[in-house]
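Chain lettering (A, B, C, D, E and F) follows the sequence in which the chains are written, and residue indices restart at 1 in each chain.
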Amino acid sequence: MDALLDFATRLLAQLQSPTLAFLLGGILIAALGSRLEIPESIYKFIVFMLLMRVGLDGGMSIREANLADMLLPALFAVLIGAGIVLIGRFTLALLPSVRTEDGIATAGLFGAVSGSTLAAAIVVLESEGIDYEHWAPALYPFMDIPALVVAIVLANLYLKRRDGSSEKVRIWPIVKESLQGSALSAMLLGIALGLFTRPEQIFEGFYDPLFRGLLSVLMLVMGMEAYARLNELRRVAHWFAIYAAIAPLLNGLIAFALGYVAHVLTGFSPGGVVLLAILASSSSDISGPPTLRAGIPSANPSAYVGASTSVGTPVAIAIGIPLFLGLSQVVFGT
Amino acid sequence: MDALLDFATRLLAQLQSPTLAFLLGGILIAALGSRLEIPESIYKFIVFMLLMRVGLDGGMSIREANLADMLLPALFAVLIGAGIVLIGRFTLALLPSVRTEDGIATAGLFGAVSGSTLAAAIVVLESEGIDYEHWAPALYPFMDIPALVVAIVLANLYLKRRDGSSEKVRIWPIVKESLQGSALSAMLLGIALGLFTRPEQIFEGFYDPLFRGLLSVLMLVMGMEAYARLNELRRVAHWFAIYAAIAPLLNGLIAFALGYVAHVLTGFSPGGVVLLAILASSSSDISGPPTLRAGIPSANPSAYVGASTSVGTPVAIAIGIPLFLGLSQVVFGT
Amino acid sequence: MDALLDFATRLLAQLQSPTLAFLLGGILIAALGSRLEIPESIYKFIVFMLLMRVGLDGGMSIREANLADMLLPALFAVLIGAGIVLIGRFTLALLPSVRTEDGIATAGLFGAVSGSTLAAAIVVLESEGIDYEHWAPALYPFMDIPALVVAIVLANLYLKRRDGSSEKVRIWPIVKESLQGSALSAMLLGIALGLFTRPEQIFEGFYDPLFRGLLSVLMLVMGMEAYARLNELRRVAHWFAIYAAIAPLLNGLIAFALGYVAHVLTGFSPGGVVLLAILASSSSDISGPPTLRAGIPSANPSAYVGASTSVGTPVAIAIGIPLFLGLSQVVFGT
Amino acid sequence: MSQQASKLVIITEKVLLREIVKLIKASGATGYTVTAASGQGSRNTRSSGQPAVSETFSNVKLDVITTDEDMARQLAETIANKYFNNFSGIAYLDTIEVLHAHRL
Amino acid sequence: MSQQASKLVIITEKVLLREIVKLIKASGATGYTVTAASGQGSRNTRSSGQPAVSETFSNVKLDVITTDEDMARQLAETIANKYFNNFSGIAYLDTIEVLHAHRL
Amino acid sequence: MSQQASKLVIITEKVLLREIVKLIKASGATGYTVTAASGQGSRNTRSSGQPAVSETFSNVKLDVITTDEDMARQLAETIANKYFNNFSGIAYLDTIEVLHAHRL
């Protein structure tokens, strides 16, 4: 009961936090027909700035980290990414009004990770003063890539069986395509720079101080996008919207449970567990869609992009983040 | 005499202030044929950043404000916006070499408000350490929208009488169009976020510290634009240039007088009076032109945009701001 | 021996400095096929921000500077700019597999100055706490313009002699074209604003704090560009690559020597000498190419842009900067 | 499935984009393509992509491909009558051969 | 050196740009020109230049000029067969007269 | 007011834009339209909109519509003679039917 109350309070506080407020603000003004526009080049630059900051921070902390500590969380991240897609394959994708490849692609996007949601989670953790392993955001690719690979492989297996074709799906090109995406390569470059060079001054004087402010602008864009894509979502089966509302929470809970195991076994911090849950809860918005478009061309992007952008991301940020924070408080008593 | 001397000193100081210096610098390098370019996406983002900052500030201060204090200034803002257009209708628009609809559209733009000039005024007030009601910038729409509505209605009445047509002008679409414009919706969203959420941290760590610097870049753009549009202004009757040079000061003085009344009646602060005068002095550069283009399609945009951008804005910033500050010093002795 | 060791340490430290790290990072991710993109509008804005900062700083310090101190360095800058092109004319441009006009154009670009490299040098000097005359960056146009003018005149003299034409090359249009370029006009405007107005607050609150961070982003772009242009360089004679690897160091050494003379004669600071060397070492990337394209249309841009962007700039930054710093330590014992 | 078709091209002010797209959809055309353009005609220079205080002054180019030439002409007529008295604009027709289209 | 030529125009999704350029080069065409476009056809609205979370939804317009009309038709066929089952796209041919080209 | 007309299209390097616009105006053409383009021809890849250290390497596409075909040919000739020895560029003519124009 106390926990529930605490969660309610936390949700209310979250609704007033800049992160969520700007997201909802974006939905609102888009719904009101505002012609406000954040130019695409600004949007791209903000994504770069955020993921470079996350990467630099991760890289600098990996320097001092015990690499062994990362093994279990990384393994779990892989399992979660792949697992989410498998679950989606045998639930959403089997529903009667859902085309199988559309269902698989959607599950793939929900297994993959959103850099924006990750950034939002980091800001909230830091605002609340909750410690976490600063290398934890580096789990991103460990969850993201397996999810996309599994989705593309499953979809192609299905299509091949159906159409009797015999082309082989090659996995390396999908991995490469993912790694080369703009969001992931900004973060990986940041990690490399943080690990091998001395970017402290620039991190503290530039990337870090601008982090929260730029995130607020990005949240506004995500909100406007969410509203804009609702139309597309409306044109596909309702199941996509329902999946998109439930999956972020369910996926996050699974990840939370696995994170808890890592906490018990290797002392993975409560903040790290929350971050893992939010990685799982998030659904890809930048790198995932083009990879899926190329990997499962017959899947309908209106279904998976609509589900992820219009419902998945707002749910992950507005409900998932306070939910997993609240859960952590109950479980870890912090 | 002292006041005059003081005004001269203030003007000279203003000329060295970054705000004005960048404006004049923009005019200068454009005149010298520089190929320096501030990309459109940067320009749009800067406008967003400035008006979001003004809005957040306004929203946070409205929280603690006595709403009754806002009533009179808001009413005066409406009267000023509409009044400026009416004055223009019966002076500029009646001149022999001026097409009536061009005159009305021009008066509409001068009755409307410029977000950039507003931001410039705020920076100057804060540099000089002059207090003002932080909700005063929220008077923007109260002056802007009536001006545009009155201009479009007057022009259509005139055209209908002339052409014997019988279409009715609908007011709500004009209001909606104005509210949905990029500048106004950024500010209104900022007000809402400031009012209902807790953006203090992001305001102090991001929007506020970047305010002055981004304004300097915007002033540069305004200067370059002013020069670029001079050509267009040259192609229309001289009256537009003359009106554009006088109206900002006259309109500002009228607003100053009404602001003084509010000062006496409800204790509207001297800084607020100056801000009201500068809102009136400014002429719309972002949202106004497209609204007028749609609302009075037969009016020649070279006339109204040229007059506002090339002459109106530089006059409002370079002469208006120091003038109303000086006046305030004489009148209120601060 | 000590000096060599010191240089090696410095180089290693440099490789870990953000400036160089981001440059190499850009080369790396481009080579790995990353789809990361820094939009062109962001790139242009960053260049503006950096050169405005350099200009403002220069302008404010010229206010207090003894103008006579600038005379000798300015004269040397002119000699260096012109001299580099003359040397290139009689080495690179005479090589058998090199078209004469391509060789002259390339030498022109290496005589000219890169705003990005200049900004990188300033950041390094300031990080190392080395003093320099803050008007020294204003030597930029004194070196840049003579180099471009001499290159265009030499090329046209050569082409005329070869083709028997009799058109006269006019110098003023080339000078004007250079001054109106985006980089140079941003810096000159900054100088003017720094000299005649009071931009201290905006300099300290906006342009200066963002300087290093924005430079890191620019270095990333330069790195990506360097890799992208390698292909073009491969298509032309190897001599261009060889020239591009040697010229920045040689040119810088010549400038260092002349700077030393100025040090002895007029007390030009060691930091100033280093800056002069790096100006000479740098090769133009923004303003130079279009000016040459127009002035020597028959020269192949793949040759000169490829040489400058792919090899010249990385060499100037990665080897030149630590080399001249190390040299300064040996020579001036600071 | 190659077939002769008409391509109607409209170059006009960007502010009209939303309205003209509505007219195109209402006309029964199966699609359209928009590109950003700048230009100069009898009225004024209209730039695009430049820093401009308002976007009122840039152009768009709209292509509408259709097998129904009369409809294209009618559409051009409607647009011209409604807007070209007060706005910049030019409309022309080109004959093309459509090789592949999802619907025409 | 004026000569009759065919201009093949392909309007399709931006994600395909790299792949289609490869096909164009493989076809023996001497060049191509790309412009950014947005539009609507039978499938969906594809925007460009708008703030969009992913660029999957914008179009490109590719022009390929060639004197070999058969090659142009063949190229359109190849692209359509390979992509137009699953991706938005339209392809058409226009007859033009090339006045100057460095190579055709 | 429908009338046959020629559309001259020039695709060339962006650095030439200002100069070519001057030539177009001098030719007596009543207008022109510019779009940003990238492409590849016999010389090199010319990109646009990409982060590029200098804009020297992007293209523009210029359309000039005129009822005077000879003038169009003459204009193409002038531009090609003046620039196409040293700069990338292609020029072609298309026949169109202008439906509405403020002046032609």
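As a convention for this text, a residue touches a chain if its C-beta (ideal position, glycine included) is under 8 Å from a C-beta of that chain, and two chains touch if they have at least 3 such contacts.
Chain by chain, the UniProt names read as follows: A, B, C = Sodium-dependent bicarbonate transport family permease.
As the structure is a prediction and not an experimental result, all values here were calculated from the model.
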| item | value |
| --- | --- |
| Partner chains shared by chain B and chain F (touch criterion as defined above) | C, D |
| Partner chains that chain C and chain D have in common | B, F |
| Between E-F and A-E, the pair with more C-beta contacts | E-F |
| Chain whose mean Cα position lies farthest from chain B | E |
| Cα-superposition angle relating the copies chain B and chain A, to nearest 5° | 120 |
| Geometric centre distance via CA averages, chain C-chain B, whole Å | 42 |
| Distance between chain centroids, defined by C-alpha means - chain C, chain F (Å) | 35 |
| Centre-of-Cα separation between chain F and chain D, whole angstrom | 19 |
| Distance between the centres, which are taken as Cα means, of chain E and chain B, whole angstrom | 46 |
| For chain A, residues that touch 2 or more chains besides their own | 37-42, 210 |
| Where chain D touches two or more other chains, by residue | 35-36, 49, 94 |
| Interchain contacts, given as pairs of chains that touch | A-B, A-C, A-E, B-C, B-D, C-F, D-E, D-F, E-F |
| Touching residues on chain C, where the partner in the complex is chain A | 15-18, 21-22, 25, 28-29, 32-42, 127, 209-210, 212-214, 216-217 |
| Contacting residues of chain E [partner chain A, same complex] | 13, 15, 44, 49-57, 83, 85-87 |
| Chain F contact footprint on chain E (complex, rising order) | 2, 5, 7, 21, 30-36, 65, 94-103 |
| Interfacial residue positions of chain D with respect to chain F in the complex | 8-9, 11, 35-43, 49, 59, 61, 73, 76-77, 80, 84, 88-94 |
| Touch list for chain A against partner chain E, complex | 37-40, 42-43, 221-222, 224-225, 232, 285-286, 288-290, 293-294, 297-298, 301-302, 305, 309 |
